[in-house]
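By letter and in written order, the chains are A, B, C and D; residue numbering begins at 1 in each of them.
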Amino acid sequence: MTTQVIVLNGGSSSGKSGIARCLQAVLPDPWLTFGCDTLVDAMPAAMRTASEGIEIADDGKVAVGPAFRTLEAAWIEGIASMARAGARIIVDEVFLGGPASQERWHKALKDVGVLWVGVRCDSTVAAGRETARGDRAAGMAASQAELVHQGVLYDMEVDTTHTESLECARVIAARVG
Amino acid sequence: MTTQVIVLNGGSSSGKSGIARCLQAVLPDPWLTFGCDTLVDAMPAAMRTASEGIEIADDGKVAVGPAFRTLEAAWIEGIASMARAGARIIVDEVFLGGPASQERWHKALKDVGVLWVGVRCDSTVAAGRETARGDRAAGMAASQAELVHQGVLYDMEVDTTHTESLECARVIAARVG
Amino acid sequence: MTTQVIVLNGGSSSGKSGIARCLQAVLPDPWLTFGCDTLVDAMPAAMRTASEGIEIADDGKVAVGPAFRTLEAAWIEGIASMARAGARIIVDEVFLGGPASQERWHKALKDVGVLWVGVRCDSTVAAGRETARGDRAAGMAASQAELVHQGVLYDMEVDTTHTESLECARVIAARVG
Amino acid sequence: MTTQVIVLNGGSSSGKSGIARCLQAVLPDPWLTFGCDTLVDAMPAAMRTASEGIEIADDGKVAVGPAFRTLEAAWIEGIASMARAGARIIVDEVFLGGPASQERWHKALKDVGVLWVGVRCDSTVAAGRETARGDRAAGMAASQAELVHQGVLYDMEVDTTHTESLECARVIAARVG
């Protein structure tokens, strides 16, 4: 089956967004990239701090409420429809719920060719990159580095600890059908 | 029919984004907001200057190529699916093609309750706000102010020339079913 | 004395930044614009939430610590030096301390031609624009609208409640010596 | 002499900004960080494309005009004054003019303790990171990688090709007097 969607799953500051942009540069067709930030930015400002929406604690832990889940479900449905309508899409995600998160995407994309990619990065290195970015709550990288991969099944994995985003993108692109 | 989608159409710097954020604040349910910027940001960097994608000339005129149209069609399909899946959505758009642009959204949203809103702003005032923002190509506001409304049909119109975004949002919210 | 520095003082969402960018567009010479955001962005990430630095409470109230004051004093010294070295500079400020804040700038700029401009905006209107921007802590606009002008002396005042940024900029530009 | 200013010089996408933020995190005192972007952002919008100001060509080459030089000279004077007034400052720079660029800073900072740091990155790796960032004109990284170091004298050099920003920052911090 033709790869219609590439799902990149990894913790904060693991390098997913950089890989997504490099994939757009190296893949011959034009691909769209959407991330969980796209969804969060689309939500009302009030939901970014409310218990119904998304909350980021001082230690970088992220909690998500029922109103968030409802909108997210519709969002995932929409991305699947875009793929069925012919767009090729890179999804840049953080599976905070591990296999339960993957299952949400899996169900919506069941009739679409998906390449599941785990983006790993050593926890200490990711935390250092978080410091270097300076725009994320300190602690997110460390708290998510292992958590988001537990119980998740991939077609392939890349590791940005010692490999540049562009090189990771080339390895992934070679697997796109 | 319940209003599931609010489409705001207006030229650059007419105040659509501000109205969208105010709508999110005054409407009782959580609404998502997506704009043409969301789609453009999702595209490969190369398409933002390529003749296949989107080009912004020195005078602020915007031209769009066939690859852009293909991805846009899938994007519109996806937004319609999100609405059918239960999300309430504000679309912040610039109908550069007038009625042809509206028809694209109209077809995709035919089984969904839509409130079509024209966002007008005096051309000179919009150009001044473009200068005050400082982040847009000079000339976009003036070239789009009238153009985007020609031949487009609305349920209602607001005019930001002398009315604040929040006030416009309240008038629109009162019409949401 | 030639006007070397224009100090715009007003509350959050009063329209200072928009006026500053319009001033840069209408004034014949090139002017630099620096705001309190320039200084805050230059500080370590940790100072933006620490009691030594700057803290923004949930109601939008801003508190500033001793380490912030030390760096701010050097910053003001530096801006004054740039002006003495020949640059023409627009300072976009929020005098949270009223006359004490003004005195800090006044001392540093005593041998430089300064145009002191109060930027007023009705508190309710500023709060609405804060909602429309969607990127500031809710409540800042209302809490600062009156506070920042108490006891401050101006050469002129503008009011953005019913007047566009560009028009305010033209009125200010006419007073630049 | 106490180190009052750290000057980081390197090409676009060499990792200077990340090192600067990490330095702010690891150094015990609060340091301010200013980059050439701070100055460019402070300039009128018109100067960012005008022949008097700064021009970025399609291949990423950067050209700078006489009006830019005048404002830059005042800016450098101001940074030096901030340091003499007691602020500790990290300057994140691109010496497009090589030794002539360094001489401008050297003259202004002659009575201040400066640590001159070269930030190197393999040209191909920097170009890949430019693609991963997706927000810079393609070609800047490659065209600047070697150019900005020619004839420039350093107290120390770091290389981000195989070393993380945080690790580079720790090595630099150990040399701060």
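The definition used in the following text is that contacts are C-beta pairs under 8 Å (C-beta built on N, C-alpha and C of every residue); 3 or more make two chains touch, one makes a residue touch a chain.
These figures come from a predicted structure and were not determined experimentally.
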- Query: So which has more C-beta pairs touching, A-B or B-C?
  - Reply: A-B
- Repeat of interface A-D, chosen from A-B, C-D or B-C - more than half of residue-number contact pairs shared: B-C
- Which integer distance in Å separates the CA centroid of chain A from that of chain C? 39
- Note on the structure: The distance between the C-alpha centres of chain A and chain B, rounded to whole Å, is 27
- Averaged over CA atoms, how far is the centre of chain B from the centre of chain C? Could you give it in whole Å? 32
- Which residue numbers or ranges of chain A touch two or more of the other chains? 21, 24-25, 45, 134
- Item | Residues of chain B defined as touching chain A within the complex | 21, 24-25, 30-34, 38-39, 42-47, 52-53, 67, 70-71, 73-75, 77-87
- Note on the structure: In the complex, the residues of chain D that touch chain A are 15, 17-19, 21-22, 24-25, 125, 128-129, 131-134, 164-167
